[in-house]
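The following pair of complexes shares a single chain, chain A, combined with chain B in the former and chain C in the latter.
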Partner chain A sequence: MFDLPIEGAQLMALEFGDIVDYFSVYTGTLFVFALLFTVLAIVSLPEKPMDIVFGGDAYYTKDIPLDLLRFQRFMAIACGLATLGAMASGDIFNFTLFSSMIGITNIGIVAAVRNRHVLEAAFQYGIVAMVATVPLFGGAAIVLASTGTLSIWALAGAAAVPLLAKIFLVLGVMGEGMAPFYIGKAEITRAPGAPYVLMIHVSSLLLFLRVVEIVLTV
Partner chain B sequence: MSQYGTVLAVVLVAMAITFVALFRERDDLHRLLLTDLAEVVSLAIIALVGTDLAEALILPGLVVGISELMALSEVYLVKEGLRAVPERLMHIEIMDSAPAILAGVLVVYGIILSGFSGGVVAGCGILFWFFCKGHDEAFTLIETASGYAWALWIVAFFVFMLAPAYWLFAVMLAGGAILLKVMAKMALIGTMRGDRHV
Partner chain C sequence: MIEYLIFAVFAGLLLHGIHRKAIARIQGRPGPPVWQEILHVLKFSFKETWIPWTASRTLFVAVVFIAIGIWSAALVVLLTGESLLLLFGIYMLHKIVEHGLGLSSGSPYGKFGAIRSVMSAASEIPLFATIAAVYLVTHSLMISDILAWQTANGPLLIAVPPAAAALYIVVLAKMHYSPFAVIESKEIVSGNMTEHFGVWRAGLDVAFGLKTFVLLYAFILLFIGPIPLLAAAVAMLILLLSLSFICATTPMLSPFDTVTIQIGAAGLIVVYILIMGAIL
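Up next, the complex of A and B:
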């Protein structure tokens, strides 16, 4: 598809005017992964982390209150849906919108945890995510200004998108998905509630793989 | 260099200034405020394109920015353990006499305008009313109205797609619904005045 080796065969294309939502083997696989983890977030119960007391045999289980569980599950499902949207989108601006939605829901997953370290990390991460909307939307706007369209389908293979826009897109996704900022995330993942917190990693990984595809295509 | 290129360069300089400011700032609250500056820069880059499509893109960009700011403010409040409610709220005489007239005028004018701009104008009226007169658990009612208005707006879009012949009906429906929705959302800001839950 699009004469690109990473795309694989074309599976589906759905036309909405000039915007065409498509699935190649590559994006289809990413979509299936996102779907799988969204379903996991819907059906699974949170883990109960065990803390061992130093210097003794005692240990205790952290209990997760029901309202926290509900909120985390909702945010994890919302994050999964945003990821699904980002995987399926055929419009660069929609992709950037879904990316920033992933950024917001990632904060949301850990925001209800009453742990100062987690909240501190989530806040700093949120600042990065907010600042990253500048290159993210900026990249999409420069694509629109220089080519006159936002449709990945129309831009594919034309090599009309300037390098600056591509760099901006990748930078923005880095900020939203936190690809190189794992030090910030290490604190975030101290939050209890394993399958939901896992969604943070899955969404950013999938988002990064998708932006690689977009940058190579347009 | 084209006009677009020149202004883009200016905006990129503004972006660099924002980033330097964020880098140098150590206080968390000030950082949060500075991110708003970054948001304005990103909206400026979109606005530079200057087409109808760009205008349509600004709104979702703005919404995402505001929701991120709100989420981060919540996190900040919890993180810093800020719970105290302001004890003395501003109250001046004009806040007793003006709301009825001003809110009335704004709402009526907003309804005449209809659509997004009408929603904003009427919303300002109701915002002012709630701000001055206080409110009595109006949250649920406003949210319900806003939810139904949103559903009607979507219905109008389906009418556009499935039965284009009834476009006038769809335009009226969408215009009225978006008026209600924007108005409801704006009015909620007026209720956020020292309430226990905000």
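Up next, the complex of A and C:
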């Protein structure tokens, strides 16, 4: 598979029948980055957001309640694990599953924040993410129907996957948090809890980088 | 490799200094000496430093090291002729660094910068268009293969000029004082970098110096091809001065206009790629 001049040399491969989970220089780098930010979400305490009262000199800091902190951290770790799965997966269906899990956990990270703007943005983003699962899983279904396998390893370089399936996969991932749908996320990131909120951004960027590799490879 | 890294850091900082000087001269000001950015890094390195009380301490420090790490990795990718996709990945990971810088401090100005950083993620799309166009023409994403293709067929700048224009926009978006640099706009103090001072700022300056060097060198390698080091340095300087001219004469755009222009440019490139794909 790694004869393809796309993602650098193969680092390792783990076979489960026709499904082969693998790391190349590219996916290995993405995996390490996802791991790094997951560890940061585990070990970092959140910031104390400071608000300025405009028109005066007053300012105040907010402490994040412990129950919110715990829930955000749990969801950020879940998001990190889903991202790690999406980076390591050698199977298109598993990749789509991890992608939708990232979409769900992204909403979860800010779901308990008591801020109307954040919750509204999370709700709108949730609708987009839900709708995006249709092309996402549709893309995987078309791959299986047209080639008889979902293994990226088996499909690599064969040019057997229809263009429509690739477009669906990219559209699905875009709906899970990339441009132009990420605009909803700009409001989401107003939420406190920097190490956890950052996972929202990390996961969707890494997901997009992985899907680019998949559509170029299969 | 360490000697290349040190060279790239100082060359990048010098390029920043030349950038500031060129902007000042175009605007009729004397401007700072060209080595000012190097002096800044040395000065910041020995200034008293602490972490703000409101910050997420681990993240606040970690992002500085991550910034240096990813751009060092980008330089290694370039020098070893690894995958262009990896370079694209590192460029996108820089967005996370920008975001993390702003969010970790607890400062409202940092947070504004971070939110603008999310919005300006559109700046990555022209880069993706560039990669697609290069792949269509050279049938490879390995930088070593792309260089070999140019040795045999001539510069990609002539073969796919719109792809070069897209990468030019990408490089412009990451320059200081760029019309697209909304995340560090002065109405939000220094944006996402507001609370990083002292050693942290020195570390960030080192990372950003590396970034400028890598992006300019990548442009030369990808669109002009393998040329001698001195010629590459001259080409990088000319490229930088053209960017400085745009930065000096164009006001800072609003975040909305930034996104519109970048997505518009990417859309044009996508149409070009579709037509080129149909022809090829």
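Here, the second predicted complex is superposed on the first by the 214 of 218 C-alpha atoms of A that agree within 3 Å, B and C clash if a C-alpha of one lies under 4 Å from a C-alpha of the other, contacts with A are read in each partner's own complex, and residues count from 1 in each chain.
Following the convention adopted for this analysis, a contact is a pair of C-beta atoms (placed from the backbone, for glycine too) under 8 Å apart; a residue touches a chain by one contact, two chains touch by 3 or more.
Note that this is a predicted model, so its numbers are computed, not measured.
By the document's definition of touching, of the two partners only chain C reaches A:Leu36; chain B does not. Shared-chain residue A:Gly138: touches chain B; no touch with chain C. Greater residue coverage of chain A by touch, when chain B is weighed against chain C, goes to C. Taken together, the two complexes place no residue of chain A in contact with both chain B and chain C. Interface residues of chain A, counted against chain B in their complex, comprise 93, 97, 100-101, 103-104, 107-108, 111, 114, 116, 119-120, 122-123, 126-127, 129-131, 133-134, 136-138, 140-142, 144-145, 150. Of all residues in chain C, those touching chain A in their complex are 53-60, 62, 66, 73, 82-83, 85-86, 88-90, 92-93, 95-96, 99-100, 103-108, 111, 114-115, 118-119, 121-122, 124-125, 128, 135, 139-142, 145, 263. Of all the residues in chain B, the ones that touch chain A in their complex are 4, 8, 15, 18-19, 22, 28, 31-32, 35, 38-39, 41-43, 45-46, 48-49, 51, 53-54, 57, 60-61, 64-65, 67-69, 71-72, 74-76, 78-79. Within the complex formed with chain C, the residues of chain A that make contact are 5-8, 25-26, 29-30, 33, 36-37, 40, 43-52, 61, 178-180, 182-183, 185-186, 189-190, 194-195, 197-198, 201-202, 205, 208-209, 212-213, 216.
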